[in-house]
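Below, each structure is written out as structure tokens.
Okay, so subunit A shows up in both of these, paired with subunit B first and subunit C after.
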Partner chain A sequence: MSNIFPEVANKVPRWILFGLTLKVLAIIAGLYYYFTPSYTRAGYQPVQPVSFDHSLHVKQVGLDCRYCHTFVDRSEHSTVPSSNTCMNCHSVVKADSDKLALVRESYQTGESIEWVKIHDTPDYVYFNHAVHVNRGVSCVHCHGQVDEMEEVYHAKSFTMNFCLDCHRNPEEFIRPVDKVYDLQWEPEDPEWEEQAQAFVHDWKVMPPESCSGCHR
Partner chain B sequence: MNRIITVVYIFLIILVVSVLGFRGSKSRKEPLYLFPDMDRQARYEPQGENPFFEDKMDDRLPPQNTIARGNALDRAGVFSSGFDATELTDVAFNTGRDEAGEFLKELPIEVNHELMELGRERYDIFCAVCHDETGDGNGAVKNFAPPTLSSANLLTQLYIDQSEGEIYNTISYGKNTMMGYADKLSPKERWAVVLYVRALQRAANATADDIPEAKRGELGL
Partner chain C sequence: MAHKAEDLNLPAETQILIAEAKPVDMPRRELVENNRDYNWITEKICGIVEDKTPTWWWVCISIAGLVATYTLAGLVYLVSTGVGVWGLNNPVNWGWAIVNFVFWIGIGHAGTLISAILCLLKQRWRTSINRTAEAMTIFAVVCAGIFPLFHVGRVWFAWWLFPLPNANGIWPNFRSPLEWDVFAVSTYFTVSALFWYMGMIPDLGLLRDRAKSLWRKYFYGALAMGWRNSARHWKNYEMAYLTLAGLSTPLVLSVHTIVSFDFAASILPGWHTTIFPPYFVAGAIFSGFGMVLTLMLPLRSVFKLHDLITQYHIDCMCKITLATGSMVGYAYAMEFFIAWYGANSFEAFAFINRAGGQYWWAYWIMISCNVITPQLFWFKWVRENTTLVWVMSLFVNVGMWFERFVITVTSLANDFLPSSWGYYSPTIVDIYTYIGTFGLFSFLFLLFLRFLPLIAIAEIKALALPQADPHNEDHPLNQKSSK
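Coming up: the complex of A and B.
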């Protein structure tokens, strides 16, 4: 019986196997890299209706986060300031600036400025700002160095893993309560690690790891 | 053959990466929702948008001529006898004026260290921007405001002589170019700030006699 297949056919199964493995690997790598909020959410930097510069207001004016996001330490929600908050200063400072035209209009008419929400957890996630900032979790952990941003972007991934990293080891992320709004704070005390553990214990910082802690 | 497959493979990877880019790179595009199941639910969000109402806001004010449950002025029938309803019912506490409409001449709240620290915290957040952390009116805004305008120097005799109730009233409703802070500070916090302003005034005009004798040595007095 003559050979139906040429000799090279012996190699075909190997090629197919090799090719498939490569393809599957590439697809898995692609999914891993692109199909999580680390890719889909992080880096989101929408154009805001008013080009508010956080770094200017924090560094040059020295505003505390709570001057505008007033109820972050008293409420689930970190409030976006109403236009009268801007006008507290801007009725006097840069009162005729074109950049602030929309703020003045909003203040006079009562119509809201339509800020674009950047950090938006899914609706099945319960997140309470007050319990975090009042137990030594700084703004910077979730929102990044907003004090250095001229235009705010989504700095962190906001994956569930991102939350759990801290919920499992709060002592690695926590800081003294009076430094929560100091986004430049770095532990200088060499004994801070022990203090942080004591803080977690004494302040009864017990971040839930159960499903219903956040998905309630 | 092998070589062609490898080249195509690498080309495809480069193509995908160049189209989709890297993690965390800045983008104006709205985030993708790959699995949008229940990510956005029909519910009221804090400060959310709502086309149903004329002002398009989720946040509702109470309808006119109504009072939220528990906010009626006669509370006897609502709360147990042991409930401290000062912050809810006390007109002087909330307005800074006594029954005759005169400004209060003292704080209507117990003064303690906790209240002072609350006052310091809130003053440093909301007041220091203009009035400075020392109270002398040279806060950061001075560098940006027109030179003809200046923030009040709270350490002058004018404000030392002002009654507690009047300072409370100014914090609540503002004065001249200053706007009111009633939307940011609760009545208790406003009184705490009044207390802290008094502390700043006293500190600015302090003499050695104000320092406890045991502590004078630390300052070399």
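Coming up: the complex of A and C.
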């Protein structure tokens, strides 16, 4: 048989191996970056029908989270307020603003404003707001610095890893119960670490790590 | 080796005894009949690949391809609709998919046994059948892999089975035998494929050197990876072959042991038994040899390979089938014995229920195919009737499928609580998906027959022919004392 393969063919297997390795690594890296919730969810910032400015209402007006999101501490679900809540103030303050036209319309007709849902846990996840906020887990851990947001966006990834980080080491995230709604709170006490561990122990914070804890 | 009595320098009384008994001198049986030479073997095997494609091949591969689409259609329907299209229910959460998985993976075991264990034990007769058996192994593992892959439900998450860091922050459950199975089967596939391919390289070199058309030169040239037949190549080749044989030997035992753990590590009566690992391994080799016979006998007559796959080879395969079939029969009996001897009412019920419960027919098909059929191989006239051997090898395949059905389904359908008992029957999707895997298997196997050397040419020349060793008298047929 005449030699049909040029000398360079000797290197082909090495190239193939090298190329394949590179390709596989690139695919894995790509999947890692683009297919995980830290890319697909974090940063999601839809345009809402009414541009409600959280930072203004929290920082300037001084509203507590629970003024609008009632029942967050009593129910598994944290409610989005009805337009009645808005009109408590806005029947007087900026009563004629164009920006609030939809709110007034909703108030008169009784039809809800169609807010775009940002933080949406999958149907196969059981999440209870009340048990978290009543055991020293602040809003800020999952929702980010909403008090500084002019337009709310999805701040955290909401991967299962994200949930488990806290469920595995609750003492690193816990805070005094009266500071749960203070999104700016930082531990100042140098002995906070011991106190946090004491809280976890005393309040019997036992976050489930088994599958059925959340996937019921 | 049968030495003559006078050569052995035995005590006088023994010699008298031997003279009285007149033991029959049993000559070594030839591995290649009719004094075939090197050239004949080369022409014979290469001819299968090089001659014009026979019409029957086109007919068969078209049918096989068509049947293989059943699996494709079944799986597409399954994924697009949901696992509800299978006949699974509560309590029978493991149905045909698991039965078929164990069935196919078991068939694969003969290939590794022949290529690894028989190689280490220097069984020269393996050379005629090892290539085909290894190909069978690989294609069977391909068919087997489909079932657990789709049984996970969301097949696009099947990569979660591998311990890769992921956004869920959890690892697979390393304490689960199902996880061990992932490693066992993927290792098994990798090593088998390597072994098969590496063993083929000298023969691919041969096909390359004989190639006339350009595509053949490139095709076999690339596959032969620059094999030059030099002494150094052979030295490396032999060492690599031995190393792989050593690596695969534990795999023959480990893979089906771990498959049996899928059942044995649970607490279900009928599954929770310590006999499972050896019993599964014996059953796997039994079914594997059944499949080797099913494939080799038609090949032998279609390609006129009677001089290479001789009656001796068939005898050997039948005897292994007989041995492993008897082990399986022993295991069936022992399960019943332990169920009685262990005095556990649930265990006893599980076995009585197998034989006389709602799936009694499956149990008795299993017993008649797996226990009664192989016992016929005791008789020489049975082993020499090729048609009969082939029919019996089909029974072995059927019986071993039913064994997995009996183990999986009967145990689940009637467990501890009568209130949770149920009945399982497959849906049309189950049936089509399973039938389709035979199409897939045949499709791959026919491609193998047409494009790759189906008998290890280099090996059979080196080990099976007496000409290969004219001086050292290492070959049994060259030893002076032989006939």
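Everything that follows uses one rule, which is that the second predicted complex is superposed on the first by the 214 of 216 C-alpha atoms of A that agree within 3 Å, B and C clash if a C-alpha of one lies under 4 Å from a C-alpha of the other, contacts with A are read in each partner's own complex, and residues count from 1 in each chain.
We take it that a contact is a pair of C-beta atoms (placed from the backbone, for glycine too) under 8 Å apart; a residue touches a chain by one contact, two chains touch by 3 or more.
This one's a predicted model, so the numbers in the text were calculated from it and none came from an experiment.
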- [ ] Consider subunit A as the common anchor and indicate whether subunit B and subunit C clash or fit when overlaid.
- [x] fit
TODO: Quick one: classify A:P46 as touching subunit B (first), subunit C (second), both or neither.
DONE: first
- [ ] Kindly classify A:K94 by the partners it touches after superposition: subunit B alone (first), subunit C alone (second), both, or neither?
- [x] first
TODO: Look at A:S38 in the shared chain and tell me whether it touches subunit B only, subunit C only, both, or neither; answer first, second, both or neither.
DONE: both
TODO: Please indicate which partner A:V80 is in contact with in the superposed arrangement: first for subunit B, second for subunit C, both, or neither.
DONE: first
Open item on the list: With both complexes superposed on chain A, which partner does A:T70 reach: first (subunit B), second (subunit C), both or neither?
Closed with: first
- [ ] Determine, for the superposed model, which of the two partners subunit B and subunit C contacts more residues of subunit A.
- [x] B
Open item on the list: On the A-aligned overlay, A:N10 touches which partner chain: subunit B = first, subunit C = second, or both, or neither?
Closed with: second
Task: First, second, both or neither for A:D202, with subunit B first and subunit C second - done: neither
Open item on the list: A:M160 in the overlay: touching subunit B, subunit C, both, or neither? Say first, second, both or neither.
Closed with: second
Task: Shortest CA-CA distance between subunit B and subunit C [superposed frame, angstrom] - done: 8
Open item on the list: Need the overlap of the two footprints on subunit A, from subunit B and from subunit C, as residue ranges.
Closed with: 37-38
Task: Parts of subunit A lying in touch with subunit B, wherever the complex brings them together - done: 15, 19, 22, 26, 30, 33-35, 37-47, 60-64, 66-67, 70, 75-77, 79-80, 82, 84-85, 87-89, 91-94, 110, 112, 114, 122-124, 153-154
Task: Contact set on subunit B toward subunit A in their complex - done: 1-2, 5, 9, 12-13, 16, 20, 23-34, 38-41, 43, 46-47, 49, 55-57, 124-126, 129-130, 140-141, 143-146, 149, 177-179, 183-184
Open item on the list: If we count contacts the way the header does, which residues on subunit C are in touch with subunit A in the complex?
Closed with: 166-170, 208-209, 211, 214, 217-218, 221, 225-226
Task: Touching residues (chain side subunit A, partner subunit C) in the complex - done: 1, 4-5, 10, 13, 36-38, 157, 159-165
